[in-house]
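Look for chain A in each of the two complexes below; its partner is chain B in the first and chain C in the second.
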Partner chain A sequence: MNQFTILLRKEFLEAWRSFKFLWMPLLFIILGITDPLMNYYLNDILSSVGNMPEGTVIQLPDLQPADILMASTGQFQLIGLAVFAVSVAGMMSRERQNGTVTLLYVRPLSYTALFLSKFIMALFLGCLSAVAGYGASMYYTALLYGSVNAIDFMKMLGTYCLWLLFVTAVCLMFSAMLKTGAAIAISVILFPVGLLLDTMIGQFWHVSPHKLGNYGVMLLTEASPYYGKTLALTCLLALIAIIIGIVFAKRKSITTAI
Partner chain B sequence: MLDSINWALIAPLLIVQFILAIVALVDLARIHATNGPKWVWVIVILLLNTIGPIIYFIFGRKTT
Partner chain C sequence: MIHVEQLTKTFGAQTVVNDVNFTLEPHTATALIGPNGAGKTTTLSMLTGLLSPTSGKIIMPGVTDIRKEIGFLPQYPQFYPWLTALEFTEMAAVLSGLPKKQAKKEAQRVLEFVGLAEAMHKKTATFSGGMKQRLGMAQAIVHKPKLLLLDEPVSALDPVGRREIMELLKQLQEQTTILYSTHILNDAEEMTDQVLFLRGGQLVEQGNLREVHAKYAEPRYLIEFVEQAHAQKFASAWPTAEWKNHIVRLPITEGQPTMTQLLRTLANSPYTVVKVEQEAASLEEIFMKVVER
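Here is the complex of A and B:
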């Protein structure tokens, strides 16, 4: 346990020194602000840069607060998640590649503590970013469009954090398993690209971890009947990924050249 | 056109982008080496707003 605390402190110090705690939440805040503002000013934007012929009338849909939060979620899922996945996927493999982890390998080391310290740090970073991003988005939505039920909003935020837990677990598992480049490539294909595929052909199935973010936003209007199942499946898969990750963190330590 | 914009709404967005760029530039000035020449990173940070500083923080910093 003591080892875990020390490793965790080291992770937080490293993240703090590389400004991760600053730029990741700021990125999510920008992504969260953009959609409410863009939709609010869409009419002005179109009329000034849209190059429309004189007298064009565009009927814009009457957007509800939940629609705006859904659009913000889309931004988080595409850009925010790509950045998050890339930065998590490098966490273990990069240390192996540049050799700093060998300083740990020469000591009696609990690989569970090593993996979990990185996992907790990444999860904290992700949740902090999600809370900041959704907070900013909600603030602007409340200002420009109207408010939503606070408890439903909390539920949605919690659901999104669970989805990030799944993303963190899987990315870190690949990071423990593969080289940095391969881990990053697989993480990007699995999450941002996987989400695109899920929106395109996802109507054929109802339960997949990739749908969790959208089901979370749907709690604001009408909850999906598949919400519970999706949640359970995501937690189960995350747990499996964590266990595999710990196993591979141990196995890789034997084959790492010093 | 300019005075019809509600600056109270836009200002936070500009401030956040400004903070990101400033922090990235300060870090760039203090770090001993980056991946690739430093002057390229200055251009990336200044010209690509929002995404430029983020790209620098992910790929530019040498962590060894």
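Here is the complex of A and C:
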């Protein structure tokens, strides 16, 4: 327990001092406020800078708060998630490659404590960013479009955090298994690119971790019948990724730079 | 006491360390000497537990987890740049099994010991090479290990930094057993009880410094003449003598004169002599002999 506490403290200190707790939530806040503001002022924006012929009338759909939150989720999933995945995928491999972890590996180190300390810090960072991003999005959505049920909103937020738990576990697992470049490449392909693919051809299946974010937003209107199964599968896969990650954290310790 | 028995490490078809055996007595300093690629770092890596031996054993009587009893300083220690020296050393102490409160106290104590008292609250990113080496030393000794392993501890330092680290090591020798790899043999000569010569992964020579010197030192007389021609003439009278410019080196072997006899011979000769002394091969020369054997 002592080892876990001190390693967790180290992770949080590093994240705090490298301003990760500032710029990552800030990125999600910017992404979160883009859609409510953009959609609300789209008519004004188009009429002032759109260079439209005189008399053009654009009929924009009447958006509901849930639609705006869905759009914000899309932003988080594409840009926010790519940045988050890249930052997590280098967490273990980079330390091995530059040799900073060598002085930890030569001690009676608990690899479970090492992996979990990184996992918890990364998950906290992801959840903090998601809360900040959805909070900002919800603030402007409520201001401009109307509010949603608070309990449903919390459920949606909780679901998104579980999706981030899965992303964190898988990215960190790759970081424990591979070199930084390979871990980042696979994480980016698996998540932001995987989500794009799921959007394009995902109608052929209903249960996949990639659908969890959208199923979460659907809780605001009509819950998907596949929500429970998707949630359970995501948690199960995350647990498997954590176990594999811990095993590889130990196995790959011999590759640390001396 | 630490016993290393038949230690072997292979990577694929390549044997990097081959059947290495040695014993480290308590409170001794042992230098692991060898050219690049001799297997020094691999041997140290196996002793630290970073690498598993392909075969062989490392035995520390009475110790179940060897990692609790060793301190390790790599050649180029890397630290988390966001942590202060105190935070890093405290973390190292806790990871080595010290209770948290004691860890902080010990971290402060060793940082003072290595001369980082004023810099202990500074981030390691701001440290110079010498300071990093001292911090590396602090993290290696914070848990009072029975065995201190140092991989080229002074090779990356300037002469002042080297001297500081060597002084620290001499003090540490009273508290723990030290095994260090080096190729700076002057330093090794200064604080070594035992030497281990590695070549091509094999231990080709070992023993205490006096024994090794006795075996390889090849004592000789060094005679310096005022005139080069005199040196040449003198050397020509001794078949085993080596002559170079004003200096003649005469190996001390059976049948050669004693110092008194030599001085008498020189005194009766028409040659003017600057100095006569007895010299032995340095560790560096011994190293060359051993690795080129």
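Throughout what follows, the second predicted complex is superposed on the first by the 255 of 258 C-alpha atoms of A that agree within 3 Å, B and C clash if a C-alpha of one lies under 4 Å from a C-alpha of the other, contacts with A are read in each partner's own complex, and residues count from 1 in each chain.
The rule is short, and it goes like this: a residue touches a chain if its C-beta (ideal position, glycine included) is under 8 Å from a C-beta of that chain, and two chains touch if they have at least 3 such contacts.
Just so it is clear, the structure is predicted and the values come from calculations on it, not from any experiment.
Look at chain A after the overlay: chain B and chain C fit there side by side. In the superposed model, A:Thr221 lies in contact with neither chain B nor chain C.
Using the contact criterion defined above for the overlaid structures, shared-chain residue A:Asn98 touches chain B and also reaches chain C. Of the two partner chains placed around the shared chain by superposition, neither chain B nor chain C is touched by A:Thr199.
Of the two partner chains placed by superposition, A:Gln64 touches none, neither chain B nor chain C.
Contacts of A:Gln3 after superposition on the shared chain: chain C is touched, whereas chain B is not. Of the two partner chains, neither chain B nor chain C is touched by A:Thr112.
Of the two partner chains, neither chain B nor chain C is touched by A:Ser208. The least CA distance from chain B to chain C in the superposed model is 6 Å.
Overlap of the chain B and chain C interfaces on chain A comprises residues 18, 98, 100. Residue ranges on chain C touching chain A, taken from their complex, read 41, 45, 48-52, 65, 67-68, 70, 72, 74-80, 82-83, 87, 90-92, 94-97, 99-100, 123, 136, 139, 151. Residue ranges of chain A in contact with chain C, taken from their complex: 2-3, 5-7, 9-10, 13-14, 17-18, 98-100, 102-109, 253-254, 256-258.
Contacts from chain A toward chain B in the complex involve residues 18-20, 22-23, 26-27, 29-30, 33-34, 37, 40, 44, 48, 83, 86-87, 94, 98, 100, 136, 140, 143-144.
Interface of chain B with chain A (complex): residues 1, 4, 9-10, 12-13, 16-17, 19-20, 23-24, 27, 50, 53-54, 57-58, 61, 63-64.
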